[in-house]
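Attaching a single structure in structure tokens format; questions to follow.
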Amino acid sequence: MGPNGGGKSTLVRLLNGLLVPDSGEVAVAGHDPVTEPFEVRKRTGVLFQNPENGLVAPFVEDDVAFGLENLGVPREEMRRRVAEAIRSVGLSGYERREPHTLSGGEKQRVALAGLLAVEPEVLLLDEPTSMLDAPGRREVLRRIGGLRRSKTVLHVTHHLEELLEADRVLVINGGRLVAEVEPGRLMADAALLEENRLVPPTVPRLAADLGLGSCRTPEDLAGAVLRRVWEGSGAEIR
Amino acid sequence: MAPGAGRGTGQFYPADSPLHALDPRAKILAVAALVVGLFLVDSVAGFLAVGAALLCLVQVSRVPPSTFLRLLRPVAVIVAFTALFQVAFVREGEVVFGLWVFQAHSEGLRLAAHLALRILLLVAAAALLTATTPPLSLSDGIEDLLSPLKRFRFPAHEIAMMMTIALRFIPTLHEEARKIIMAQAARGADFTEGGLIQRVRALVPVLVPLTVGAFRRADELAEAMESRGYRGGEGRTRYRELSFRGRDATALCIAVLIPVGGILL
Amino acid sequence: MRISLEDVWHVYSPGTAFETVALRGVSLSVEPGEVLGIVGGTGSGKSTLAAHLNLLLRPTSGRVLVDGRDALALRKSELRRRVGLVFQFPEQALFAPSVEEDVAFAPRQMGLGPEAVEERTAAALGVLGIAHLARRPTRALSGGEQRRAAIAGTLAMRPQVLVLDEPTAGLDPFSRRELLGVVRRLREEGTSVVLVSHDLDEVAEVSDRLCVMEGGAVRAEGTPEEVFYGELALAPTTVRVAARVRESAPGLGRPVSYDETLRSLRALIGG
């Protein structure tokens, strides 16, 4: 996370060898993305911040298949994985659509399907949900969550609530790594949030402003509010 | 942006027809046979027979004839010029009619008719191929047909991939131009108002960003391909299946017979 | 100015295999000086609808009226200056070599003198907080910086109606708040704003009225309070909390924005 212009997308491009560091070294699974780009790229998948930039083929299904073709996956398996990936992002029936005629959210889903079909060891996701509606966002987060034990996921986002389950949060500001914390610690650190132009999600923010303990879901918060109300009125009756 | 991203300008027209279902290699070979054959056809009747056969194929392809007409229109202009040129300058055979200082000789008319029909039929056949074959299958087909040459280190995959990208880049350029025009129109630029000169002048500020944009798109495309693990043909599999079956062989035979019929007539 | 759509249909690529019906008989209006929120799922037709407000797309059937007159009769360039549209993908909005030149494009098109152009450009860059990026090539910006440059380019036209298509996608949380502040300020100055977004929390903060799109048609329309409390599945976090509390404490009222919700919950707890 971090403010606009902080260097998040630059970092993603360095990890993939699309940018070359002026100094210092990058290693992905033990390989240098500059000298061994293919070793790195066959293990990583990138979702670009602008989903349009990642699309290469004239039809949706060919685009989703592109990464698999490059890995030399046999055709039968490829068909299965492409169909499954398209279905999992809710785009069944769009196989023969031309990507440039899709809506913003649909493009983002196609780009994501191309990545999910490959399921690389390392996923570099640059704001993967920026154009999705609420159900789409939930679905994508669920998929990413499902990968967490077996894959490495680098998830860039401006929505703190998407990182509540993350193992670590890196905060990048002005081209520097300014913090590396657990999501819970980040949310509790008002100064750190403020310095990095971050705002906690609505539920914990309301809870804090009301002086209630930590809450996750709207239901939790409503429960906490009601308990406080009942306590208050109970005290009065007594 | 979704809005206005009009129908892609690629010539492929998806439909569910026997021609669409054919193996792209069969179709490429058929067109090649037709091209060779057309150079051997030597009578107007022969050309008309080939033309009639192509018309049947258009019918079978379920592609609306208007799509072909749109493709043929620009070619027709060139053909008309060439034919006129022939009529005006070939001075063999009898004079059929005269107009002012020009005289149309029978040989000139014959040559003009042959030339015009030949070019139109060639273009129509090529259009039928691209309308019924998705660009990717087309390049897969070409790669496969060229693959025997790989033994001599002929870069079949690279050539086919270049063709795909070129085929894809025409619509991409179109798209890029459309985006810039939309972006400028949204900020008050006039493209549809005023006389011809004013409209052409309004297009000038589009050209510079278009040129820059085309190079940027090419870069982005290369980056996207590389970052998704592309590194040439080696070890690569194909999503689209090419399988040459009985019906493809039959279709190819029929396609070869068309110009043969034309030659015999 | 008032824009209204009457039974607007939009079909992409009609008559081809790619035919898609994106709008199915949409009727709605944008009243002078209001903030109209447009929400709806992926592919529901929001961007298509937005592009009809300045006729960048033409209805396949139905009409777009500006102050009661058919908008097709107006000069296109004039209409587009009065109705400023910012695209969903900021990269598509930027075409000039530098940020400054890009933002100056519209004022120049309007035939303003060099001083006025400069004044408007500087003002727009200032409002979006990107004065320091004026000389940057438009291709050397981060995602969020591109977004701000694109909005500045439209703001420099000083439109009477500003249509923002997912304007906060890619902005950091503070910038999102700042942009909502800009929207409020514009409304105070009498500009209408159409805010297309899938982020219900932010729509709840600034909208006077809401329109919910589904499958190319208007599914619900009304004040945020009516729409959100009418259908909780569409509601932002604040309303979901408040609605849950109301089940046991009906005296809560129907707060929508963050501040309203905080105030009424405080009153409830305190009293």
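Note that the chains take the letters A, B and C in the order they are written out, and that residue 1 is the start of every chain.
The definition used in the following text is that a contact is a pair of C-beta atoms (placed from the backbone, for glycine too) under 8 Å apart; a residue touches a chain by one contact, two chains touch by 3 or more.
These figures come from a predicted structure and were not determined experimentally.
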Worksheet item: What topology does the chain touch graph have (line, ring, star, complete, other)?
Response: complete
Worksheet item: Which pair wins on C-beta contacts, A-B or A-C?
Response: A-C
Worksheet item: How many angstrom between the C-alpha centroids of chain B and chain A?
Response: 42
Discussion item. Counting only Cα atoms for the centres, state how far chain A is from chain C in Å.
Written reply: 25
Item to complete: Would you please write down the residue numbers of chain A that are in contact with two or more other chains?
Response: 98, 101-104
Worksheet item: Residue numbers in chain C touching 2 or more other chains?
Response: 12-13, 18, 47, 88-89
Fill in: chain B, residues touching no fewer than two other chains
1-2, 7-8, 14
Practice prompt. Going by the contact rule at the top, pick out the chain B residues touching chain C in the complex.
Written response: 1-4, 6-8, 13-15, 64, 179-180, 182-190, 192-193, 209, 212-213, 216
Worksheet entry | Complex contacts: residues of chain A adjacent to chain C | 2-6, 8-9, 49-50, 52, 97-98, 101-106, 109, 127, 130-136, 158, 160, 197-199, 201-203, 205-206, 209-210, 218-219, 221-223, 225-226, 228-229, 232
Worksheet item: In their shared complex, at which residues does chain C touch chain A?
Response: 12-13, 18, 20, 40-43, 47, 88-89, 91, 141-145, 148, 166, 169-177, 198, 200-201, 236-238, 240-242, 244-245, 248-249, 258, 261-262, 265-266, 268-269
Fill in: chain C - residues contacting chain B, complex
12-13, 15-18, 22, 47-48, 50-51, 54, 56-57, 75-78, 80-81, 84-85, 87-89, 92-97, 105-106, 109-110, 139, 153-154, 157
Fill in: Residues on chain A engaged by chain B in the complex (per definition of touch)
16-18, 37-38, 41-42, 45-46, 48, 53-59, 61-62, 65-75, 78-79, 82, 96, 98, 100-104, 114, 118
